Amino acid sequence: MSSLISGSEIAQHDNRDSCWIIVHSKVYDVTEFLDEHPGGSKIILKYAGKDATEAYEPIHPPDAITTNLPIEKHIGAVDPNTVAKVVKEVTEEDKRREALMAARPPLDEILNLHDFEAIAKQLLTPKAWAYYSSASDDEITIRENRAAFQRVWFRPRVLRDVTNVDWSTTILGQKSSLPVYISATALGKLGHPDGEINLTRAAGKHGVIQMIPTLASCSFDEIVDAAIPGQPLFLQLYVNRDREITKRYVQHAEKRGVKGLFITVDAPQLGRREKDMRMKFVDDGAGAKVQEGQKDVQKDQGVARAISSFIDPSLSWKDIAWFKSITTMPIILKGVATPEDALLAYDSGVQGIVLSNHGGRQLDTSRSGLENLIDIVAALKSRGPWPNPNFSIFVDGGVRRASDALKALALGASAVGIGRGFLYSFSSYGQEGVERAIQILRDEFEMNMRLLGARNLSELVPEMVDASALRAHVGVTPPDNLYEQTYQSLKTADFKNKL
Amino acid sequence: MSSLISGSEIAQHDNRDSCWIIVHSKVYDVTEFLDEHPGGSKIILKYAGKDATEAYEPIHPPDAITTNLPIEKHIGAVDPNTVAKVVKEVTEEDKRREALMAARPPLDEILNLHDFEAIAKQLLTPKAWAYYSSASDDEITIRENRAAFQRVWFRPRVLRDVTNVDWSTTILGQKSSLPVYISATALGKLGHPDGEINLTRAAGKHGVIQMIPTLASCSFDEIVDAAIPGQPLFLQLYVNRDREITKRYVQHAEKRGVKGLFITVDAPQLGRREKDMRMKFVDDGAGAKVQEGQKDVQKDQGVARAISSFIDPSLSWKDIAWFKSITTMPIILKGVATPEDALLAYDSGVQGIVLSNHGGRQLDTSRSGLENLIDIVAALKSRGPWPNPNFSIFVDGGVRRASDALKALALGASAVGIGRGFLYSFSSYGQEGVERAIQILRDEFEMNMRLLGARNLSELVPEMVDASALRAHVGVTPPDNLYEQTYQSLKTADFKNKL
Amino acid sequence: MSSLISGSEIAQHDNRDSCWIIVHSKVYDVTEFLDEHPGGSKIILKYAGKDATEAYEPIHPPDAITTNLPIEKHIGAVDPNTVAKVVKEVTEEDKRREALMAARPPLDEILNLHDFEAIAKQLLTPKAWAYYSSASDDEITIRENRAAFQRVWFRPRVLRDVTNVDWSTTILGQKSSLPVYISATALGKLGHPDGEINLTRAAGKHGVIQMIPTLASCSFDEIVDAAIPGQPLFLQLYVNRDREITKRYVQHAEKRGVKGLFITVDAPQLGRREKDMRMKFVDDGAGAKVQEGQKDVQKDQGVARAISSFIDPSLSWKDIAWFKSITTMPIILKGVATPEDALLAYDSGVQGIVLSNHGGRQLDTSRSGLENLIDIVAALKSRGPWPNPNFSIFVDGGVRRASDALKALALGASAVGIGRGFLYSFSSYGQEGVERAIQILRDEFEMNMRLLGARNLSELVPEMVDASALRAHVGVTPPDNLYEQTYQSLKTADFKNKL
Amino acid sequence: MSSLISGSEIAQHDNRDSCWIIVHSKVYDVTEFLDEHPGGSKIILKYAGKDATEAYEPIHPPDAITTNLPIEKHIGAVDPNTVAKVVKEVTEEDKRREALMAARPPLDEILNLHDFEAIAKQLLTPKAWAYYSSASDDEITIRENRAAFQRVWFRPRVLRDVTNVDWSTTILGQKSSLPVYISATALGKLGHPDGEINLTRAAGKHGVIQMIPTLASCSFDEIVDAAIPGQPLFLQLYVNRDREITKRYVQHAEKRGVKGLFITVDAPQLGRREKDMRMKFVDDGAGAKVQEGQKDVQKDQGVARAISSFIDPSLSWKDIAWFKSITTMPIILKGVATPEDALLAYDSGVQGIVLSNHGGRQLDTSRSGLENLIDIVAALKSRGPWPNPNFSIFVDGGVRRASDALKALALGASAVGIGRGFLYSFSSYGQEGVERAIQILRDEFEMNMRLLGARNLSELVPEMVDASALRAHVGVTPPDNLYEQTYQSLKTADFKNKL
């Protein structure tokens, strides 16, 4: 099998009965895999007997096919001279995006994290935008996450010498130049060809900690390899139905130097994200398989569910002991939402929790992490002195400004996670975008801490915020439309002859 | 009178002094009925001496004319060879709708119950849409019904083994595959030629319970006949001024196997629904007579009031004993809104109550059933252990998602009713639409229960929701329009040369 | 001076030094009055030597000129043959309005009081609309008046025999077919040539009580003359700086049978109504003088202030005894807003108070009468048993529906006043409009009382409403515009090829 | 060096190695200053060898260049005959603004302070508008400042003799015709060629007190010289890193008769104002240097940060004693936001505090001064009888109406500051605009005090306002977009054939 295989031979296996495809110049027999492909067989058959690399690339880690396909189905290397070069058709949409790339504002005109999102929203393919931006059901929680920060107001102190302010910290024993870590988000190559590695490189350069996602587009090792020596990394874990796979994955991560294991506990099943699901109907080829043990899923569920069927819904508190037995990394439970579970987590001996609702992508109308923080800090005080150096609380969801982070920290969080904010920064500008995002946050931390009168993070105290309105997510009386139609608004004075 | 009647003979009775019409190939003398017709005489006279079937069909049950007209006015069968085929004029509106029918998205692109409503809104005749969608006065309650669910937030539990989740239940002793029943809505044929039977068939297939409306377009027996053996059905009852009619109707229902009697108590008079009333002015022919005992009504009151004048405004607590004497079906009072009345209901010996405001169609600015639920559960606890297996509370109004149902159930409801959601599903896609709606709810129940950490309905506890904002239906300060005109919103960065 | 005066003689007095004008075929020498005219001299000089009737008519009562001008300035009658008929120029605006008049929807298509406002808004001259619709400053209170009703929710009772419902009542000892009176609004002829008499006639026909405004366009006697025998009328009073004028006015009213004196106490100075003031700049001829004792005012203050300078800002609690000495009519203080003043009113021996903020036309960001009602009823209970047959509380401001009235009544009001609602009904349809408005309210009372389970007004109890949100006029967090720009709303499913 | 320098000689110094510029007919060698210029070297080099007066003028006080440049760099006077007259290019934008100037509504059509803002918004250069109107981050606090006033409602008293009402007061011992002072705002010449002097003249004429800004476009002495004898002035102070500069400045002010020293304590660093920053990218020439001791700053930070790098972030409570040692003027701390700091201020022996968030330009999501007022007045009562004649509280931010001021005064403030309101009044109409603004406020004070029943400021008591909703800056539930798309609003009746 070490001899090169000719294009004409491959081309004969162009049907359901015998289906070969080329990926990265290697030929694979996927005939028996067709019905197992989470993205459906249709999209594979489109490339039967042909080179599928271009379609494969953005939504699979490089090793997805080799890991999932038995070795005997790895047919061999392609004879490059015999395969017609795939001429990528340049669509109107491609041209539109290329023109937009050229017209991006220079990075120094990007003033805040919203700006990256505004650029990415237009630059991304509709499918990528739908996958990244979507949340579950009516997308109420995703918006509430943002709104919650604005129900907490500052009570700044004045006349403190704020010449020097320091916002660096330690997260799970690792130094961080910001009280912010890069939270895990999936499928980075949908946004940029270098995928998650954009984050790794920027994080290494600026002393920020990245959490590697289980569902990364880049392989775990590619990401770790992109880190500089000593650069701390965390790992986000979806637990596989097959615990052996999980064990291998976790222990490999520890061996490669990962410093914290964030087990996702709010996703026994991935949420129904309707923007993402609607996208399926305009592009039937979506889907990826990144883990073994995945079961077949409905074909109309969007990217999110296509890639997640391996996740084990039976994960429970009983499993914590097992995790502690397979790793010495600090274990953090990501997705805790109640004081009840926070106490269970504490009592189970893990090192912390992330108050998260998965960026609004799981249970809609879940409360924000920020709101839960208040109840949970109060509950944990029942377990002894607080803050507790052995138990950390993190918050993610809706963070866009340093001021958001400062509010969470004042209320008891150790650090906050930012997911989409960084995702959009590399989707629009690659690694440089991520670096600019970090710089913006740094500027904001400097300014806001000075204006708050807090010279370092330990001076951020609950008294610096007024969170009394945080729980007031009230509903508005439905408007009286008839009255509003007949009421004529006031107008200001205006120029006589408008130009 | 058994010989066939010729079209030319019929055609002579084409005026107010002698008015015959053809319905379903039978001839009727409606001369004396003209002034009693709730929809007015004008619409009948339009068909004097002609075939009125097409106009009659969508808003009358088939037996309306035979039940209401004395037997001696049933002239006989038409000689089909002598009657000119009524050539239905195809209007621009008909063409528009036909084109829309063809352009409906495939059912698997319908992702939630709102989608059915969006399709039906465009597909229905303006009159049908007005009748179905309208609510009373300023339509504040109809919107509040929906808004109330979003003031209740989830407190999900994690790390429970949710491999298997079960949302089936028992409603009034009948098995139901969902904690949801199909609530009664009137005049189904305005939405689809098969009317309420669409619901019956889908309900039978998927183990869901349908509540048959008094004001159905299909006759009661047609609906029951469409059920499969053993399929449980409930009956919604408007009580007639003539109690004998009501008695016959209830006892007939019980004989046909109906398993629960839902007596509407919030409609001594049908509400003023202005969207519906405005429609009268563009189509003066509306009106239907579905029950005897109906009095004449103002002709400009829309469909709702035209069909409801038989309802008895004198219905009172004293009547409950009588109902108990005429039926052994469980009796449920539909439309209770206060703890005071909930206690009266309990003490009267009925089997339950529906917390409903009639879909916002009766008393506007009534509170939502969900809000009333909290007070009422608290009050009922004064009568003994709760939950009480002999007394059920149901909630309807504004339910669009499984998550809505789960909130009501967590707060003490046994099940929720969905009316418009199913109505729009068959209005847009017939029986298949209803089946798709049930499937969507099922998917949502599975996902949300897993994400909540509740494996069956008994694990849905009040602690899983935060209802603290439910009563906060506050009003917003009227905006300062002058300030808002002068305030210039922030803008994000943008591309240099927008394409 | 009894001989007829020729047009040519009049025409010579066409300047500031000698200025005669014709009004209703009589000639007046207004030379010395020019600078006293509240609307400014300019508008009079426009008609110097000519017939001013057409401009005079809509904003002055017929007797304004005769009352204000010394008898020696009444020159005499015009010789009709010598005066050129004033040919009214028909403007584009006139034509627009005439076409609109013809295109008005028939009255039975008017379904609620908002409809009249919608029609009047387009039909009225811009100046009349500005005067009627305007309120003070940022017009926050006018909108809050409406919003307040929607923060009170119903708690309806069911299963009461509501065959017969009765919403008639007694107001200050006078029978009223509705718990609603027609509140005083000024300058009715701006809206309709018959002015306030439209109200009088409709009120007489339907058993409703009208409150005659001091600033009516029709004279007091014209209005009283239009009443049927025994028709009860109230009088609204602006107190003149010259108390003798007020005394004559009040005693004349009592002699003519007026049954209640409503003294306005919230208007020591009329509010700045900016819509009205802006109108001054497009029409410099506004102004009217309806009372003696008026001082000169700034010319740019709109109609409201032009006609009100006679009002006495020194009016105080000390004056109440005097009023009691000059009349035996019940005295009601209109415009009370605090429990403190309600107690002072009670202790002063008057018969009642109107909780009013003058339709939002006086102090902006004053609270609504409905909100004040709760505090004031609570305070009055300290003075003895409540309700007190000798002391009535009325509420006005923002009432558009019977349901609004029912909320106020449930909370302790004896009746509510409707001003603009009736004003717009005759502005758009004359007397018939007012009758239709009364009929609509009657229908709404019937329906809502049935649905509430209240058979008469004494059954309207506080427990029937939930006013817990009434005080919650909260402010909304200013929106995060950047986030909202980048958040992309969900969309429903849609037809494939939209027509 | 006293001989005149020819244009041709100057023109040779047109580059980075030797750069001379002309300002106000004097030549300066700015070669060594190029890299120190806060606005960057680029903008200076544009005028190398040429006359820079026109660009210099609007954003520098006249003495900025002479103060900042060592005397040996003052080359001498220009020979006017040898310099080509700079012909100012008239741009389209200039023409647009000129036409707008001519089309401004006459001043008597300006009815409120919003009107000035509406006119200025269109009249100002985009850069000036961005600098004036911008606030920090998401601009939430700037809007909250305004919104807070509308959460306080009036409880007006009636039947008090309000013939005479008096709103004059004493501020820090100085008479003021209004309980309002003109708060400091920077760079007045961006808005009008006469800059801050417009304020000084109008203030002198109408008995109002102006607070002179450190960052004025006019020099301190120009402003003081424009005052009439005895006209009280206050001084706003940014404290320089070089305390000697500050000492000279303060003592000079005291010598010139300034009556109060307002030390800004909420600006150790100027906020990130993104509207202002975005403007930098369209005009790279911004920047000004008004104080010595300024360090270099990032060049992309907008006008605000360019002009403020001299401000000392080390300023602290320890410095208060020093200020008391260098001046006998009353010292007021501007920018206090918490009871904790209010008590520190009181205990430090200063004469008062301004509850301010710097017009929303510093720490975003800081609470409004009005909200802080309530907590702070409560706290100060712990220090002895209140009000305290030796300690004043002022409030600024969002004041647009006399009613706003009255609310703050009722709650305990001595006076309020208005910044932007006056800034926009002279930006649109020069000195006359300021006078009109004062007149409008006077009219509003008269009306509102009458309507409140307060004859003088001591009668303004807390009971006259309902501030219960002030702390309720709640967040709204994110809307259910799908529901709102499908819900069809009610419509009013309408004309049959709309014209």
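A, B, C and D label the chains in the order they appear, each numbered from 1.
Heads up, the rule we're going with is that contacts are C-beta pairs under 8 Å (C-beta built on N, C-alpha and C of every residue); 3 or more make two chains touch, one makes a residue touch a chain.
Keep in mind the model is a prediction, meaning the values are calculated, not measured.
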item: Equivalent interface positions on subunit A and subunit D, same or different at half; value: different
item: Chain at maximum distance from subunit B, centres defined as averaged CA atoms; value: D
item: Cα superposition angle of subunit B on its copy subunit C, in degrees to the nearest 5; value: 90
item: Distance from the mean Cα position of subunit B to that of subunit A, given in whole angstrom; value: 43
item: Whole-Å gap separating subunit B and subunit D, where each centre is the average of the chain's CA atoms; value: 61
item: For subunit C, residues that touch 2 or more chains besides their own; value: 109, 111-112, 114, 117-118, 138-140, 143, 147, 150-151, 274, 278, 469, 472-477, 480-483, 485-486, 490-493
item: Of all residues in subunit B, those that touch subunit A in their complex; value: 105, 108-109, 111-112, 138-140, 143-144, 147-163, 401, 403, 443-444, 446-448, 450-452, 463, 466, 468-469, 472-476, 481-482, 485-486, 492-499
item: Touching residues (chain side subunit C, partner subunit D) in the complex; value: 96, 99-100, 103-105, 109-111, 114-115, 117-119, 122, 137-138, 140, 265-266, 268-269, 271-272, 274, 277-278, 281, 300, 313-317, 319-320, 333, 335-338, 340-341, 344, 362-367, 471-478, 480-483, 489-492
item: Subunit D-touching residues of subunit B, taken from the complex the two chains share; value: 112, 114, 117-118, 121, 129, 133, 138-139, 142-143, 146-147, 150-151, 274-275, 278, 400, 469, 474, 476-477, 480, 482-483, 485-488, 490-491, 493
